[in-house]
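Should a chain be cited, it is by its letter among A, B and C, assigned in written order, with residues numbered from 1 in that chain.
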Amino acid sequence: MALIEVENLKIYFMTRRGPAKAVDDIGFSIEKNKTLGLIGESGCGKTTTAMSLMKFIKPPGRIVGGSIRFMGNDIVPMTDEQIRQLRGKEISIVRQEAQNALNPVLTIGKQITEMILEHESVTKKTALARAKKQLNLVGISDQRITNFPHEFSGGMKQRAMAAIATACNPKFLILDEPTTGLDVVVQRQILEMLRNLKKELNLTAVFISHDLSVVAETCDRVAVMYGGKIMEESDTVSLYQNPLHPYSKALIGAYPSLKGERRQLKSIPGGPPSLIDPPPGCRFTPRCELAQSICSQEEPVLKTIDGRRIACHMVK
Amino acid sequence: MGLKRFILRKVVAAALTIAVIICANFFIFRMAPGDPVRMMFRDPRVSAESLELMKQKFGLDKPLSGQFVAYVKNLARGDLGLSFSQRKPVLEVLASRIPNTLLLVVTALTIAIVLGVALGAVAGWLSGTKLDTFILTASVTMYSIPTFALGIILLLVFAYLIPIFPLGGISTPASGYEGFELVTDIGWHMFLPAFSIVIWYVGEYVILTRSSMIDAMGQEYITTAWAKGLKKYKILKNHALRNALLPVITISGVNLAFAAAGVIEAETVFAWPGVGRLTYDAVSQRDYPLLQGVFMLFAFAIVLANLAIDLIYGYIDPRIKVGE
Amino acid sequence: MAQYLRKTNKAKEFFQLLFGHPMGFVGVAIITLFLTMALFAPLLGTVDPSASGDVTNLLIPPSSQFWFGTDDLARDIWSQTIYGSRISLTIGFVAALITVFSGTFVGLIAGYYGKILDEVLMRIVDFFMMLPELPLMIVLAAVLGPSMWNIILVVSLVSWPSTARVVRSQVLSLKERPFVESSRCIGASNFQLMFSEILPNVVPLMFAQAVLMITEAIYAEAVLSFLGLGDPTSISWGMMLHSVFESGVIAESYWWVVPPIVSIVTLIVSFSLLGTAVSDILEPGYKEKKGF
């Protein structure tokens, strides 16, 4: 049984002009100790999907259908109290570097220990010792346990967030653009740290990013999302070496390569589809090179080819 | 390091402000129309010789600069002039009234702030609900009603119409109350004036705390707190409220200026023998030395209170205490 | 033409939002009532409010001749109440006008030019803001003497700094916005930038401040008059309260106390409600929340 199993998930945002179908019937599963990457343009639904794995959907957003199974239990019908007990303890999140993601008036130590003490019945002393260990784990000196967030640099704050997130040894970690907004040197450090954490804590994770290179490094499988749907899902190597879906092809093609010969950068013409009134049939049709009449009439179903899933009429 | 520099900056600013107040006070009162001598010593019974002596003492026979020097010298010695309506040195009059005002103000403000912050935090947390709207509307109304108007209404209804409370003053005259009886008597006299002051202050603090709370709740670290699976109450207390209180503390300093207004109004209406009522008496008697003294007292008290609040804040906010 | 239409549409939209807001609606309704009272005072008031009457008519409770009774100088209280609205509203509007314009001007140039000018102006503003308002107004009014213009002057003097501060912060944030940069790039002068680009965006804030200042001014006049610093030639509501308080017959003449108190409280509270409504509406995102 996979750790995470998502089926027919639909998340809509209720606006005055109608529901915006941010996530429209998607499904995937993540095996234990594996990392799934979710990539796509802004607004494709990847962050919403990631947040939903912790049931972090706030109104006007709502999960209108489908199931999200964590270790076999569907979290969608869970009460607030039930999900609260899972958060932090079993499922945790490291978000994008935000200046204000840490409480400015509490020490880092307090911000870690308060979570440990909430979910586990240990003494304050034990919690403190574990908090120090967490800091070390992410590469921060445990002397800094009494520091306040404003005494940390951007990269350190991000690492502190990871220390907090993993303090209760969660089984599943949601990484929502954890390296976006950081310079490359710091990015490297964060990725190192994440790799380390994964190994030490046997983490299963989902990694959301629009940065393909980072995803390539850290993920075992990758799902490509567009307009609230999954276009392609496969293991990382196959996807990057041989993308099947026209959108995946275009995405990976749009990325400049450091080595190899110089070539014209290909961008994808057009813009992302309206989520309130999506185009009929395949969502990518208006921007697709291979589009035929069937594409705008019938929505393609995800079919499995060689352990890869792809939703396209044009690929056999 | 950051803290030391912060303290120094605030103390220097306060000292400068006090200096400017002293100068301003001098110049404002020189603007009064009429003979400054007669102005200061209105009592027609004062003899010509005494008048001459006073003139010299206050440097009124010298040019303006000389007067200013005399003024500052006297100030340094604690000589604020003579209150002719009270027939006592101004300083003495002030000193006798300050305790009464302090009693009233400290009681009223403490109650108001505790109540206001608590209600404001609740309103902010439940923002958008009916309870919040109710608290907000009530607070806006309470905050808009002029203290003296409220005082008069309370006086009419609860002291005249339904005589529950006394008509004014600090205690029942010639009652000979002692000890515990005296305390209750004073408390009974203090109720209405304190209530008038409390109403305004509670309204202000509810509005302030509520909006600060709403701001705090919109911050990223609240999302982080939810993601950690903390209990709702913990998030409210340790994350939202702790941060929301910081701006509330800062603005408390500014609010003290309004406390001065409330004190003047409430004491006047209820004849509470404090510095506020003294202001009214000084105005009606055109006792300028006394008025000057009272003004300086208010101004100094507020500057010092602001300084104290700034220093407390510097200690509480880790961004200042530990320095950036 | 299009600009003119846009402006009138914005104004219409603003008023729609205002009337939709419960506090705004109540506030505007009551203020309109008082404005009518002030405008039609000669028609509504029966006699000259300051004319002392027949000595036999001292302190009469409400009767058919004197709808609100008379005071201790046999003056008609109904007329005093009606005419009192003129004083409160006039002082309110004029003082607010002066305060908002001077405060905005200072805030505009301080925020725009920055550096030394800003430092100096803000130090002055900070100093003023540290002084307790009412004691300062009392002292100034006592020294300058009781007259309507002195009161307006005193109120404006004490209130302009807070407007200056508020306007300055908005100017500071507007200064950095792209539309200012782009206008500068095409060669707009400082003067043009300040008055044609930044100022129009400050207008909503000015309006909010104006409402706030009117509230403050009406309150200030009422308090100062109550304490005896009002203009004895024009009987404002505050003066009425001063007279009744001084006369010592406050317990026995409810008809003398109630009209001015009710008027003061109602007028001030309604301006306050209006002010809260306006600042709510000007909060970004309000329109969307209300479904526009």
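The rule is short, and it goes like this: a residue touches a chain if its C-beta (ideal position, glycine included) is under 8 Å from a C-beta of that chain, and two chains touch if they have at least 3 such contacts.
Keep in mind it's a predicted model, so treat the numbers as computed, not measured.
Visitor: Out of curiosity, which chains are bumping into both subunit B and subunit C?
Guide: Expected: no chain.
Visitor: Farthest chain from subunit B, going by mean C-alpha coordinates, please.
Guide: A
Visitor: Taking each chain's centre as the mean of its CA atoms, how far is subunit B from subunit C in angstrom?
Guide: Computed value for the inter-centroid distance: 23 Å.
Visitor: Distance from the CA centroid of subunit A to that of subunit B, rounded to the nearest Å?
Guide: Chain centres of subunit A and subunit B, defined by C-alpha means, are spaced 54 Å apart.
Visitor: Counting only residues that touch at least 2 other chains, which ones in subunit C make the list?
Guide: In subunit C, no residue touches two or more other chains.
Visitor: Tell me, which parts of subunit B touch subunit A in their complex?
Guide: 219-221, 223-231, 234, 238-239, 242-243, 246, 317-319, 322, 324
Visitor: Can you check the complex and tell me which residues of subunit B touch subunit C?
Guide: 17, 20-21, 28-29, 31-33, 137, 140-141, 143-146, 148-150, 152-153, 155-156, 160, 254, 256-258, 260-261, 264-265, 268-269, 279-280, 283-284, 286, 288, 291-292, 294-295, 298-299, 302-303, 306
Visitor: Quick check on the complex: what are the subunit A residues that touch subunit B?
Guide: For subunit A paired with subunit B, touching residues are 54, 56, 84-89, 92-93, 95, 98-107, 114-115, 118-119, 147-148, 150-151, 161, 164-165.
Visitor: Under the definition above, what is the set of subunit C residues touching subunit B in their complex?
Guide: That would be residues 22-23, 127, 129-136, 138-140, 142-145, 215, 219, 222-223, 226-229, 241, 245, 250-251, 254, 257, 261, 264-265, 268-269, 271-273, 276 of subunit C.
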